[in-house]
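Chain IDs A, B and C follow the sequence of writing; residue 1 opens each chain.
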Amino acid sequence: MHNKYWATVEISIRQQLAQKGQLLGRLILYFVIVYLFSQVFQSVSAGNNRIWYLAITEWLTLSTPPIAYRIAEDIRSGQVVYFMLRPLHYLWLRFCECMGISLVRFIILGFCCLGFGYYLTGAFPSSSTTLTIGLVLGILSVILYSLLSILIGVFSFWLKEIQPLIYLNLTATFCFGGLIVPLGFYSDTLRTISFATPYPWMLWWPAEYMTGTAPNLMLAFLVFAGWTAVILGLIIILYQKCLENFVSEGG
Amino acid sequence: MSNHFKHHKYHVKHHINDHFKNHIKFLYTLMMTNFRLSLALKGTFYFTIIITILKQVLFLTAWRFFFLKYQVVQGWNFNSMLLGYGSVCFSMGVVEAFFYGLKDLPRMIENGQLDTFLLQPKNVVLNVAMSKGDMASFGEIVTGIAVITYSGYLEQSPLMVITILILGTIFIFSLLLYLSCIAFFMKDSFDFIRELNLNAIIVASQPNVAYRGLLKMLTFTILPVAFISFFPIEYLRTGLWKYLLFSALGTAAFFAVANALFNLGLKRYESGNIIAFRH
Amino acid sequence: MSIIEVKNLVKQFRSPLPAKGGLFPRIKNYLSPCYQTMTAVDHISFSLKPGERVAFIGPNGAGKSTTIKILTGIMRPTSGSVTVLNKIPGVQRKSLAYQIGAVFGQRSQLWYHLPVQETLSLFATIYDIPPLVYRQRLKALSAKFDLEPLLYKPVRQLSLGERMRCEVVASLLHEPAVLFLDEPTIGLDITAKAIIRDLIRKQSVEKGVTLLLTSHDTDDIEKVCDRVIIIDRGKLLLDDSLSNLKTKYIRKKVISIVTEEEQIQWDQPTAKILEQSPHHLKLEVDINQHSAEKVISYLLEKTTIKDLMIEGPALETIIQTLYTQAHQTEQAEQAEQAEQAEQAYLRDKTDQTHQTNQIDQTHPADQPPTDQTHHAQ
């Protein structure tokens, strides 16, 4: 029997492939940002590893769709009610949708990352084995980032506008995740604060691994799993609370 | 005959004055309606301001560490970066506070929601732009000014900084309008346009390495953010008037281009071919 | 003197045909796309006088909304001429906007989070209504539409019926000469519909506002309008008064009787049974062919009638019949055209064969020589 959630993943993949404009927008954004900041790093002779770091972190961040907007829109318009009438879990549905879209972007942007990074630096960052393991880390990273996005979306049940939270998430990714400025540049205090958040485990860790600067893989996996459990737990608890207090207006 | 002409001239002048006053009154009413709407959602209003300030602090902290490691990047130091970033922040804040409708314009075009505005006897661009306002963007305005003040340029040349901020605001308005026009020619483009907006703002607020190589062509032509970032800051750094002139002329030209593109797109919207078989 | 004048209006839409085949055909299609044209409005003409209340109806996809959009200036026609209040809508849209109003049942023009009064106040500035005049009009309209309890409520807290009343008031604030109503009662309950219809008609009668209403609800048409324009597949089917529509086009009567007897046998060809249940019978009489009087006389002989009602067919039935007739006519025309084309083809083929045979007979020298003739030469 064809599982309904797996069907959602399949439909999302087909839908993302059909939305060529959106894909094109992501590609342009990727190339512009990577090129721009690679120029910044090249002008200060930062080295090829910095450029690869930048290409990888951007690849991972841009692979995730802004699912928080979608959830917020559903809640604001009241469409979420129709999902509640059906025999499926709304957030799990959105997660599967997110995974379908992310898969397409992950693959396309992954090829762009490898190709563009090679064009800018003239060499790959590490061995094929490291890159393959790095690929798995990247997938886990995308899953965690998606869960974070869904958590922000759930706040739409309380907040009329979640755009500030989305921007804050983006900035926290930039700052604490080492999106463009690596964590090695920070002071000890700021680095400690960063590691207390889930962001470094989503970006800095996979990027550092793939550029050959291998942090403790086992420890990192454990911390990563821990953060996934925490965010998932928060989502479940908040969503339950939201459903109890949900009020839908209009006539 | 001369009395009749004077009488006619009086009526025309009176009519133009009335028309102008009515337009100002309309824009003021729209602005106050948006303001009241923002205050009606009090929690979101204050929350947004706090988050905005926090966001800017985090962002600039990261860049501070970057510039601590590499003091100068292509002639730009941390203060130049602060000025560039601050002016984009301020301009974006003003546009979001008063002309937030521009961000929704692509969706309105796609869904045929421009009809309501076309039925009203007011300038379509301004009516659409001011149909929504996010007063919580005052957080961006305040942090923009704070960042520019911290850079030291406001104390050094206050008049020039104010000129740059005015030009920057007109530019960001034109940029959002310009990119929104893509929706007239490309279907399902709302997400694409949102990404392009983000692109443009990121490029505009970064150090001036954007203005060489392949990106130079882009930032001087198709996406002319050089007029809001590179030229004004080069003027303040070097004192050469040509940079300010380029910035002013470029902004004015871009404003004209954006409006022309909108009118062209509107003709296509009126032809109905955007929504072809939906009638 | 017409307030709306439409002459030979045509509106066509062009959309690109999707590419088929391999990579090169797709690239070719991208660089030089092929288009298909669809005619939404096909040479329609009509006019409205000041104060008229006209229903503009047709099935889904008939071209109603397209026509309304052209009349309001939102869309430009492909060809033909349109004037509203002596202005060309597509060209003089802004100045025309001061004199027309529009209510879209499926789209709101109110500000969702704000109280109703704020939107109305904004509309006053949009239409340059002086404050004193605005206050007077708001007072009058609020009393008429019973808006006073709603003025300070946010729009999102209103029911659909309350919201529609506010929408209508918002579109009447600037006292337009023409009001376009696009399905204003959609989704409303019976009471709310009756209220809206009554208020709109009264406003038109008292203020002389010309109404152009599109609706799928025939009660809207009957209760508000005096004239009906029907379009289908872009073409004008009918333009006549409501009373003529009821009496002229479908000449049928429906006779409903309540009988003493539980069941009566009806086998007369003069009327068709529509409904039959214990003590109740409903018959339809085509008065072009038979007389209602004769049917009733026969019933009086056959049974004891406790109650009798004679009525015309419902407007819905009339309109539905007109649509069906139009489609049947179109299908018949298409079939006839196809047959004529086939006959023309066969004729051409026959002519060609005949000509070939004639050539063979009249020009023996042109024919290739047979073996015998060749050998003789």
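One rule holds for everything that comes next: contacts are C-beta pairs under 8 Å (C-beta built on N, C-alpha and C of every residue); 3 or more make two chains touch, one makes a residue touch a chain.
What you are looking at is a predicted structure, and each value in this text was computed from that prediction instead of being measured.
J.: Averaging each chain's C-alpha atoms to get its centre, pick out the one most distant from subunit A.
T.: Most distant chain from subunit A: C.
J.: Nearest chain to the global Cα centroid?
T.: Smallest centre-to-centre distance to the global C-alpha mean: chain B.
J.: Per the centroid of Cα atoms for each chain, what is the distance between subunit A and subunit B, given in Å?
T.: One centre to the other, that is 29 Å.
J.: Find the geometric centre of each of subunit B and subunit C from their Cα atoms only, then give the gap between the two centres in Å, rounded to an integer.
T.: Whole-Å distance between the two chain centres: 44.
J.: Between subunit A and subunit C, what is the separation of their C-alpha centroids in Å?
T.: Roughly 50 Å, centre to centre.
J.: Considering subunit B alone, which of its residues make contact with at least two other chains?
T.: 41
J.: Flag every residue of subunit B that touches subunit C in the complex, lowest number first.
T.: 22, 25-26, 29-30, 33, 36-37, 40-41, 113, 115-116, 118-122, 267, 270-273, 276-277, 279
J.: For subunit A, which residues are in contact with subunit B within the complex?
T.: 19, 21-22, 24-26, 28-29, 32-33, 35-37, 39-40, 43-44, 46, 159-161, 163-165, 167-168, 171-172, 174-176, 180-181, 185-187, 190
J.: Please output the residues of subunit B touching subunit A within their complex, sorted ascending.
T.: Spelled out, the residues of subunit B in touch with subunit A are 41, 43-44, 47-48, 51-52, 54-55, 58-59, 61-63, 65-66, 68-70, 73-74, 136, 186-189, 191-196, 198-199, 202-203, 206-207, 209-210, 212-215, 218.
J.: Mind listing the subunit C positions that touch subunit B in their complex?
T.: 11, 13-15, 38, 40, 61, 63, 65-66, 69, 72-76, 90, 93-95, 97-98, 100, 102, 104, 107, 109, 111, 113-114, 118, 121-122, 125-128, 154
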